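In what comes next, chain A is part of two complexes: it sits with chain B in the first one and with chain C in the second one.
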Partner chain A sequence: MYSSLVRLQNTFSFFTTVAFVVAAFIAASDLLAPRTPTVSLLKTTNLQVVRGRPHYYSSKKEEYAIIKFSLEADFSSLFTWNTKQLFVYVTAEWPSAGGTGSGRNATNQAVIWDTIITAPSADHLANIGPVAMKKLKRSAQGKSIDPSRGKLSLKNQRPKYQITHPSGKVAEQEDVVLRLHYNVQPWVGVLTWNQDEEFWKWKPLRGSLSKKFSLPALKKKDEGKKEGSRV
Partner chain B sequence: MAEQLLDQIRDVFEGQIDFEGQKLAEFLVNVALMLVGAIAFFAGYLLQDIKLAVYLGLGGTVLVFVLVVPPWPFFNRNPVKWLPVRGGISAPANLVVDDKVLG
Partner chain C sequence: MWKGLSVITDSPSPIVVVLSGSMEPAFQRGDLLLLWNRNLFSETNVGEIVVYNVKGKDIPIVHRVVRKFGTGPDAKLLTKGDNNAADDTELYARGQDYLNRKDIVGSVVGYLPFVGYVTIMLSEHPWLKTVMLGLMGLVVVLQRE
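Now for the complex of A and B:
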């Protein structure tokens, strides 16, 4: 503490310590906030299986399942001061057919739809155009957190991703279910995914599975073409 | 002339303070920074605003830097009193330093 330079270094050194401790407290404050996410509805509304190519020049043809679905969920309790963004995604799951070794009893899982819900403190990081950005920022003006963004209501939502299987066959697949997942991404602290067990104030996500359904048979060729030209 | 100016610049840059001042500076750094951290955390938690916590923390830290780094007069209130030079040792006559004759 003799000269200015030493005082500068010592002050900065202690600042880094304080910053680390405050960050640890912020991360720990997540535990005090109850998490009670609920799903009130998750069901398929329209199922379709079509043949297509993985990319334009591919000579391989695969079957693709297009699963439309409806979803009602309330994730508003996941938004606290330390929430940066919430990643929500829906997967389709079905048991693996036979297989050997590690492939036995395995579950096929493929994402059909996902979304990122930013907290107002992270709006500037959203990967959207300037007009949508302005709208997003205005929607939370004057609010440091906005739990109402966690309320999801989708009706007959088209999937973002058409799914297939390494074998290229998904038509008439039985015992398929949809599952809703979430991933809380905090400013500081650990990432947390949807829980299966209760952890103190954090409740598990119940009702995240849809009823079992079967994928339909392949669409007839002319029907498939009509569908293709519309898209 | 140039040497005097350089000495002054060096003194300002080095910003030396006395022993009591060093003790005080260390105490101020520890207490003030911890206080800033606590205020930033509790204000952010109560108002549920992480940006507020970050800005309070950074702003408070800048204030602590301003308070502690320059050699403010209150760090120099207890200058060390050196013993007077006792007789017996005197510079040799006609000692030449930098073209100047001392003594």
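Now for the complex of A and C:
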């Protein structure tokens, strides 16, 4: 009794099965691509602590750290056919008052800068203006994978986010470090972050930690008011 | 199967459908996310994409953790959508400035594009449900020969 409906159902279920198997293969192919990300430079270039308000209508005053930094890293090996985007971010980390240790055991961690690097196949999804979009698309014309986008070189980069602490105090904080992270977003499969241990063909991200530094004392005059007022 | 998955991942809803574009270009509307809510090797950390619930709102939100102060269950977490300019303080409940670990339903570990779009279609166009029901009824009637 083969009605057309049964045929339709069978076709559909076969289609979904095939789609899932193909997706699983694509996801598994990530493991075969070696990952060798490197960081050659991560250091702070300028430190500032200013007073400001968390948002325009707030009367609360808090201290905000503005950490400028330089960065040189090569993430080109992370771009494969299953890479949709790479999310790169820099965090500042410091131990809490009274606590000890930093780095892995940091108890305070805040993103100061991040960027989304889309693979050429995901360019049309990026949220940017039409001019920038045209430029972005032209930069990778004819290529579906563009590893050169994974090369980052920033000099004296302003942070995107001025950071503070729930207590509102960050001035003269000691033992602060910057750490570079990445997150690979696949087209299908498992999301991956930078790892500390080697995992078969995936190398750990070495040198992702900056030297320890201390934040300066509060800037006297309210010169950076505008910067601190929006977080 | 849903219950089993729920127990394994320790999350009340281990699979969620993305409803907004605030995490674009990583996640579009209709993408399916697989969640994991256990902290076997490390705590929920900055950079992870988490799904959280806000008191008084029933829609779970998928955003990235950008700040973390303190450790353990009392750590204060702040989230932000990749596609949003500002962090999520305004989305939280009144007087709430940070999330706690218990607000989080799970961290995103797996990703499957587009599959969940059916649910969005059904919830945004209620007439589709009627059409589908009608079609099913018609099939039942037609198959009784």
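Throughout what follows, the second predicted complex is superposed on the first by the 209 of 231 C-alpha atoms of A that agree within 3 Å, B and C clash if a C-alpha of one lies under 4 Å from a C-alpha of the other, contacts with A are read in each partner's own complex, and residues count from 1 in each chain.
The definition used in the following text is that a residue touches a chain if its C-beta (ideal position, glycine included) is under 8 Å from a C-beta of that chain, and two chains touch if they have at least 3 such contacts.
Note that the structure is predicted; figures quoted are calculated from it, not measured.
Of the two partners, chain B and chain C, it is C that touches more residues of chain A. Of the two partner chains placed around the shared chain by superposition, chain C is the only one that A:Pro166 touches, whereas chain B remains out of contact.
Legend: residue contacts after superposition of the two complexes on their common chain; A:Ser121 is shown touching chain B, with no touch to chain C. By the touch criterion defined above, A:Thr11 reaches chain B but does not reach chain C. Of the two partner chains placed by the overlay, only chain B lies in contact with A:Ile145; chain C stays clear of it.
With both structures placed on the common chain, the touch criterion links A:Asn82 to chain B but leaves chain C unconnected. Contacts of A:Ser3 after superposition: both chain B and chain C are touched. Of the two partner chains placed around the shared chain by superposition, chain B is the only one that A:Val22 touches, whereas chain C remains out of contact.
Of the two partner chains placed around the shared chain by superposition, chain C is the only one that A:His181 touches, whereas chain B remains out of contact.
Of the residues of chain A, those at positions 3, 5, 187 touch chain B in one of the two structures and chain C in the other. Of all the residues in chain B, the ones that touch chain A in their complex are 13-17, 21-23, 25-26, 29-30, 33-34, 36-37, 40-41, 44-45, 47-53, 57, 61, 64-65, 68-71. Taken in their complex, chain A has these residues touching chain C: 3, 5, 23, 54-55, 84-85, 87, 89, 91, 96, 107-111, 114, 116, 118, 122, 125-127, 161, 163, 165-166, 181, 183, 185-191, 193, 231. The part of chain C that touches chain A in the complex is made up of residues 24-26, 28, 45-49, 64, 66-71, 75-76, 78, 82-83, 87, 89, 97-98, 108-113, 139, 143. The touching residues of chain A, counted against chain B in their complex, run 1-5, 7-8, 10-11, 14-15, 18-19, 21-22, 25-26, 29, 80-82, 121, 144-145, 187.
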